[in-house]
Amino acid sequence: MNALLVSAILGVLLMLSSVFIKNRSYIHALALAGLATLFALNLAELNGWLLFEIDVKGMLRFDRYALVMNAIMLASLFFYLLLSGNAMEKVGPHYADYLALLFFICAGLFMVTGYASLLILFLGIEVISIPLYILTGSDKRNLKSNEAALKYFLLGSFSTGLLLLGIAFFYGARGNFTATVSVDPTVVGSSLQLAGLLLLLFAMSFKVSVAPFHFWTPDVYDGAPTVFTSFMATIVKVALFAAFVRLFEDTFSLQFSIWQPWVAGFVVITLLIGNLTAVFQQSVKRMLAYSSIAQAGFMLLAVYAINGDSKEGLLLYAASYSLATIGIFAVLTYMQDYAFEGFNGLAKKQPLVAASLAIFFLSLAGIPLTGGFLAKLFMIKAALAYQLWLAIVAVIMAVISVFYYFRVIQAMYFRDNTQSISPEFPKAFSILLLITALIVVLLGILPEAILGLLYF
Amino acid sequence: MSISAILFWVLSVAALFSALMVVTSRNPIHSVIWLIVTFFAISGHYILLNAQFLAVVNIIVYAGAIMVLFLFVIMLMNLNKESEPARHRWLQLAGGVSGGALLLVLVAALKDTELKSQQSLLLEGHTGLIKTLGQELFSTYVIPFELSSILFLSAMVGAVLIGKKD
Amino acid sequence: MVVLLLLLIPLIGACFLFLYKGDHRFVAAAALRLSIVSLLVMGASLFYWNTPEMLSFTAPWLTTLGSSLSLRMDGLGTILSLLTTTAYFILFWYLKGRTIERPAAFFAWLLLAQVGMLGVFLAMDSLLFYFFWELALIPMYFLASQWGGARRIPVTFKFFIYTFLGSVFMLIGILYLQSKTADHSFAIESIRRIRLTNEQQSWLFWLFFIAFAIKLPVFPFHTWQPDTYEESPTPVTSILSAVMVKMGILGLLRWLLPLFPIASYMWGDVVMSLAVAGIVYASFLAMQQVDLKRLIAYSSIAHIGLIAAGAFALNQMAYQGLLIQLFTHGINILGMWVLADIIERKTGTRSLDSLGGIAQHSPTLTIFFVIIALANIALPLTNAFVGEFLLFNGILATPSNYYWVFAVVGGLGIIFAAVYTLRMIRAIFYGQPSATSPAPISLATHEVGALVVIVGLILFFGIYPQPLIDMTAAFSKELFDQTDITSLFRKS
Amino acid sequence: MQSSFQLAFLIPLLPLIGFLINGLGRNWLSKQWSGLIGAGTILGSFLISLFIFQAVKAGQGEVISYFDFIRMEGLRIPFAFQIDALSSLFLLIITGIGFLIHVYSISYMHEESSTSFARYFSYLNLFVFSMLLLVLGSNYVVLFIGWEGVGLCSYLLIGFWIKNQQYTKAANKAFIMNRIGDLAFLLAIFWLIIKTGSASFQEVFDFIQANQGTSKFSVTDITIVTLLLFIGATGKSAQLPLYTWLPDAMAGPTPVSALIHAATMVTAGIYMIARSNIIYSLAPLTLSIISWIGLATAFLAATIALRQYDIKKVLAYSTVSQLGFMFLALGSGAYIAAVFHVLTHAFFKALLFLGSGSVIHAMGGEQDIRKMGGLSGKLKITYATFLIGCLAIAGLPPLSGFFSKDAILLSAFLHQPLQYGIALFTAFLTAFYMFRLLFLTFHGSFRGTPEQQAHLHESPALMTIPLVILAILSVAGGWIGIPAVLLQDADWLGNFLAPVLGSTTHEVSHATEWLLMSLSVGGVLLTIGFAWFLFRHYRATESRGILRFFENKWYVDQLYDRVIVQPIFYLGRILKEWVEPRIIDALVNGVGKTVQLAGRQIRFLQSGQIGSYVLLMVMAMVVVLLVQFFIRK
Amino acid sequence: MPINYYLFLAIALFSIGVVGVLTRRNAIIIFMCIELMLNAVNLLLVAFSKMHYNQAAAAAIPIANPGIDGQLFVFFIMVVAAAEVSVGLAIIVMLYRNIHSVDINFLNRLKH
């Protein structure tokens, strides 16, 4: 609640800041300071301290899980701004506006992690989506960016329609929008609620890019300015997953046996399509887009297996996946083009960057001693409580993911640079990247650092 | 057949027909016009359902503001002729069939649904009155109401950001 | 505590070398010293620090998951740690004067791999085991891919992905077992207490077995191995082949057999058939190879087939032989790779067709080669004899109806081993000197030293193998008690 | 413990020390020193063996344990020596003849460089060490260690001239064929260990005698074990079907042929079976198989020897044939006769080989008897000793061969008259080809090149003295086992070996014995006359018919090549070229390829068209709704 | 009127919107079809609102303003739709500026 309100205020502040502050680094600093404040306020709320005492009238509910998730997102966002702030300037002249939109999105993120009414969920999703449409198209001269924006907008609006139809059915069955479980027998078995459930499932699947509702993802991620792709693919996706879990854990827990097989099916299709398609990509950026679909398949296991393991796993996933992906995209913004060949021989020229990237990719692939491994471990463990075959499919797909993640590692470490140009990275950037990588490793060694927040 | 039933049928047929025309019109301008007709028909339904305020808002906001915006953009782009080439035949067919299938499936699924009240009693109650709505909006729904301001802010920033020529 | 020390020494060394960008001489010397320290610590743990407190270490770690940093050195761990430290010492001594591109990274990766392998050998917690399992794999992959031959990238990638695929199945098995434990723990003691039905044992068996079969490798999961051995730089190949392969055997002995004894018996025939088929198959292929490294690679598959068959013989004799063989096979194959490396470096080729007549002018090298090659085919009074003797003896005593088939078909490997080994010796050393090796091959002092250590170990344990038997007797007894089929069936 | 037994460990140790000194110091030792060390250590062993022999003669044998080779729960294999009549006799043969051959070698190998000279002696010493280990071992494992050790040394010595790839090929062949037998031997040992829990002779024999026929050790077990042991013996002792390595082994230096391939190593199989006589006596089926295989080998090798032209090849086949006789004796249950023949054969065959070495030496390396002839004039000592050897092997009284062969024939007669007939015929063949060899080599006119003729000379004393000693032994060696029919209570050997091998008393009348003896002696004399008639003057003749078949060694090598070697080779080729890359690896790679291919295809779903995206989504929705509402209900 | 009728009417309108999205190429028309879908939902919500009101009235459940939630939700949907339209049209105009077309078939730089 603290963070939600303050982030909106910060958004307004940054929106206006461009009028008063001409130096971009000050704006950047302001944004970072704002984020730090948000983070502090969020932690304060974790300890029970609220900035405003507001009667939310059952619209919002910030429980511990939501707050921890927010903390993770804010921390990721902090690293994101540190690593990619520079790249944001290259997109266009409206630096402060981009930041303002980011903070508005932030408010949306907090809405979807802490909603208690489907209305807030809907509003939150829209608060996230509408600025994202704009950020996707923010590279106005770039036709790919334009195209991505329109595709994202049209498909996103379409899915909003599905979401609303689902909510309408839900309302028809229940008479309210409260996102809690209903034990009313006329509600539990009603086909209206069932239809609403399925439509909500489709709409949420769309938002978190779960197959077969993922089609927008590769095109949009590819077309959007890299720095915003990074944001979309990580923090936003994580928040929406939190919302997804919350919706099906609370509201539809009694229909568990109905939707669980469908989610399992979606997991399989998502993993298959995401991983298999990623194998054949020629551009690292597009490969990452598909890989984010594949990772979504893994995160969907958290929905599938609503249990302690899966929720802990989602937290770890949020942290490790976000940090690793943010790091990779941050490096990508420095590259000439996004072909795999661009990474050839990077290890010899930029050992720190290469090592960090290697750790990020290892984490994404789920190699032990990285956060990504433990995250996957939790997910598989959670799934194993129900179905062995699903766990087996998941790990096989994790192995397939090695196919494409390791292409970059191979390029960096095992191939020689044949081109004369090689990307230059500022020293501070390299060190920051390494710190990010070390955090990813730390997550794999001491996950208690994050999971502890849930219980203490 | 009561007057309300007659009105219902008339409005329904009008809505469906005009909606179909939106989809099938070759000329974008016609589509816009038909959509406005649809909105009017829906507003009529709102009145039948005792949602007077929404009916009015629907006409002002949708039929008025939003559709004018559409019209304006279409005019701006000089799309006011039957310029759109037809889609691939089978794609159209597949689209129609899929949409139809969706309709059929949903209707079939919900055909026997247990509704809490079978009949909609027309012209009864005061739910749709502006006063009731206003009171509720600024008490229970004050949080979403305030939060939607963020939406507008960001939409505003975004529209400026995108629309500005630099 | 000493087990932790064994892991920390190479770990610290690796970190230091990763950060240090120094000249070759310093790096090689530092690595050699580290390996000597490791070896000394290992020796001390054998003779002085062999109390249970010193040989085990437990610290809380990943407690929310039910895991802990639990290390213990039992008989199996002892012999494998001894092998690891010895092999590293020999290898680093051998590599002392060698110029390697980016030496610091090379040695650092090797040391990191040592951490992983020792961890696998000592871990008493299944999740920790899995961690180390992968930790050993990654450095090997980087080593092979960065310093390897022309086809290194696809070949080592296949190696990596194949092994990784196997290990994730094992991970599922581990997670399943953990979920069945009473205290939701990954510790081996807790897992042992689970009572599994035969059906559960059966599919868990395969989940684990595939991981180990690929690592070993057991026919027909072996195709990554010859390519990888060929393309890796030979020092890396030697570690892969001498030490890393033992991870798979350890997996069989510590995790597979004691946890799923009934399934091991049920599927024993299948596995042993694969194993002995692999012996013959690999021997046939070894006979056909013209590349020295590929030949040794296939011969290694044949040896591993025997070891795998021995593991499923489910009797104490086979276990005992296998445990000895762990050490002796490591030393012998290490010797083979060192020799292959010497020959390749000094003649510039490893094709049997273009080698020849080396014995004419380089008798010392020839003697080393012949001794190590003959040890490799388990001639009596070399170290491998006792191991293979007990192994075969155990295979003939396996509680299967086809015991004699396994013994006889596996025994064909003895004959074929002689065929390809002698062919190799003849092609490389006999006849007239070839164009590639007209001049005598001189060996540096440290190279001779390393080879002398190997030959010394071969002969010492060939004549007096009892220390190795004593080291592992308790473990083989315990393992047999856990997998004794007759008593298991009586119980159930 | 007998005090002299305490020295027993020195018997193998001395040659081992000799091996180490010669092996490690080969670059520094002069030829004199190498030879001295090589021969000296064997002499030392011989002297100790004599002591021990005396001690054994005086009393019982003993088992001396040194350390535990393998000690684990349920199995203990000590490194222990068994000293009894059998082993002490073999000790004498090995060290005695070994010493003579060492001495001979000093001269024979003098043309080698000092390094390879030392290498030669180190191999010889290692061989003697292994052979001693073989006969001293008190259990099958130590026996096996020596068994493999002699195989290894045989390999090293056959391929001694490493430049010649033909020779090294022969060495490989010898080693591999031996390994085939070794596998069977090993399996037998395993079987014994599994069934009896021990590998020590005494314990195994006690166990089997106590439990034979029961479920602990059934008749099948006995048959299997004895058969496997016998297969092991066929490898080492060059019996059918594993004999073909021995003629090829003639690639090694001639003294090596004398020592290894005539006097000692090849008799290891006989020793082993004699040692295990307690088990064999319980296995009549195996015994009969052994006798038939021995007989067949004897006959086959004799026929081949008829048409060979290489002096060493003839001797090699004769060795195979004589070994066949020994197995015939074993199979007939006449273990003492077999050991007796081992002893006498060691004398005269070593003599013959060394003699042939002397001839080859004189001929400058020529081994083809068609290019010799008339050497008796120049090589008088060699001729005389060679003649004695031929007479001995032909079995003419009172030379040693007569007594041992007679014992074998007698046992065969008692066992199975048909076998006796064939064995007798084979004995005639032996006389025939040996005298063919003698006549072609030493009689007639010289057929070599003039240079060779000029070069002809008698060998130096270091070579001829061993010849003479061996000739004396060949004459007198048989007198330790004179059958009762000729001289009462003169069968000293039988009495000596009886504690180990059991006494053999024949239930046969003296008249029959006389008949048999005269039959064989008369036949041999006739055969020698026939040979004299045929080969006094050599004429080059084209072999025809059956003789051509014999000359080509019954085409056995070709048969093995076609049936075993080539199929293995082609199978290997198929596996390498086809199965490995196209099936197994292709399956593995196929998975990867499938992934890639699937990726390539699936990505076309991503058409870039909003319409198709929405279409797919709607279709998915319709399917899910349809299934949920109308099928899963 | 039976609420079912409203339900079917809304679904029909919604499906027509979907068909429009599927069959048209003009981005603006597609967007309009999406608006049609939203309106179908609005209609449905209002109908359900009425239904809940009736039910509460019939059962005399003491809730203040039964069924008002649905109508308020419609209000928010309109708010959102307005914001969406402003952004959406801005994007379409931007695209038109660059490629002088609003035909979505020309949007295929990003694929596979």
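All chains are identified by letter, namely A, B, C, D and E, in their written order; residue positions are counted from 1 within each chain.
In this text, a residue touches a chain if its C-beta (ideal position, glycine included) is under 8 Å from a C-beta of that chain, and two chains touch if they have at least 3 such contacts.
In this text, all values refer to a predicted model and were calculated from it rather than measured experimentally.
Visitor: Give me the set of chains touching chain A intersected with the set touching chain B.
Guide: Chains in contact with chain A as well as chain B: D, E.
Visitor: Over the chains that touch one another, what is the least number of steps taking chain C to chain E?
Guide: 2
Visitor: By CA centroid distance, what chain is farthest from chain E?
Guide: Here the answer is chain D, farthest from chain E.
Visitor: Compare the CA centroid of chain C with every other chain's and tell me the farthest one.
Guide: When every chain centre is compared against chain C, the largest gap points to B.
Visitor: Which chain's mean C-alpha position is nearest the mean C-alpha position of the whole protein set?
Guide: C
Visitor: Looking at A-C and D-E, which one has the bigger number of contacting C-beta pairs?
Guide: Contact tally favours A-C.
Visitor: Need the CA-centroid distance for the pair chain A / chain E, whole Å please.
Guide: 27
Visitor: In whole angstrom, how far does the Cα centroid of chain B sit from the Cα centroid of chain E?
Guide: It comes to 6 Å between the two C-alpha centres.
Visitor: Provide the C-alpha centroid distance between chain C and chain D, rounded to the nearest whole angstrom.
Guide: Each chain's C-alpha centroid was found; their separation is 37 Å.
Visitor: Please compute the C-alpha centroid of chain B, do the same for chain D, then give the distance between them in whole Å.
Guide: Chain B and chain D have C-alpha centres separated by 103 Å.
Visitor: Could you list which residues of chain D touch at least two other chains?
Guide: Residues 592, 603, 606, 608, 610-611, 614-615, 618, 621, 625, 629 of chain D each touch two or more of the other chains.
Visitor: List, in ascending order, every residue of chain B touching at least 2 other chains.
Guide: 87, 91, 94-95, 98-99, 102, 106, 109-110, 113, 115-116, 141, 144, 148, 151, 155, 158-159, 162
Visitor: Check each residue of chain E and list the ones that touch at least two other chains.
Guide: Residue numbers touching two or more other chains: 7, 17-18, 21-23, 25, 30-31, 51-52, 55, 66-67, 76, 80, 83-84, 87, 90-92, 94, 104-105, 107, 109-111.
Visitor: Report the complete set of touching chain pairs.
Guide: Inter-chain contacts occur between A-B, A-C, A-D, A-E, B-D, B-E, C-D, D-E.
Visitor: Would you pull the chain E residues touching chain B in the complex into a rising list?
Guide: 1-9, 11-13, 15-26, 28-29, 31-33, 35-36, 39, 42-43, 46-47, 49-55, 57-58, 65-68, 71-72, 74-76, 78-87, 89-94, 96, 102-103, 105
Visitor: If you look only at chain D, which of its residues touch chain E in the complex?
Guide: Within the complex, chain D contacts chain E at residues 603-604, 606-611, 614-615, 618.
Visitor: Provide the residue numbers of chain D that touch chain A in the complex, in ascending order.
Guide: Within the complex, chain D touches chain A at residues 592, 595-596, 598-600, 602-603, 605-606, 608, 610, 613-614, 616-617, 620-621, 624-625, 628-629, 632.
Visitor: Could you pull out which chain A residues touch chain D in their complex?
Guide: 151, 154-155, 158, 162, 191, 194-195, 198-199, 202, 206, 212-213, 215-216, 218-219, 258, 262, 272-273, 276-281, 400, 403
Visitor: Across the complex, what residues on chain E touch chain D?
Guide: 18, 21-23, 25, 30, 104-105, 107-112
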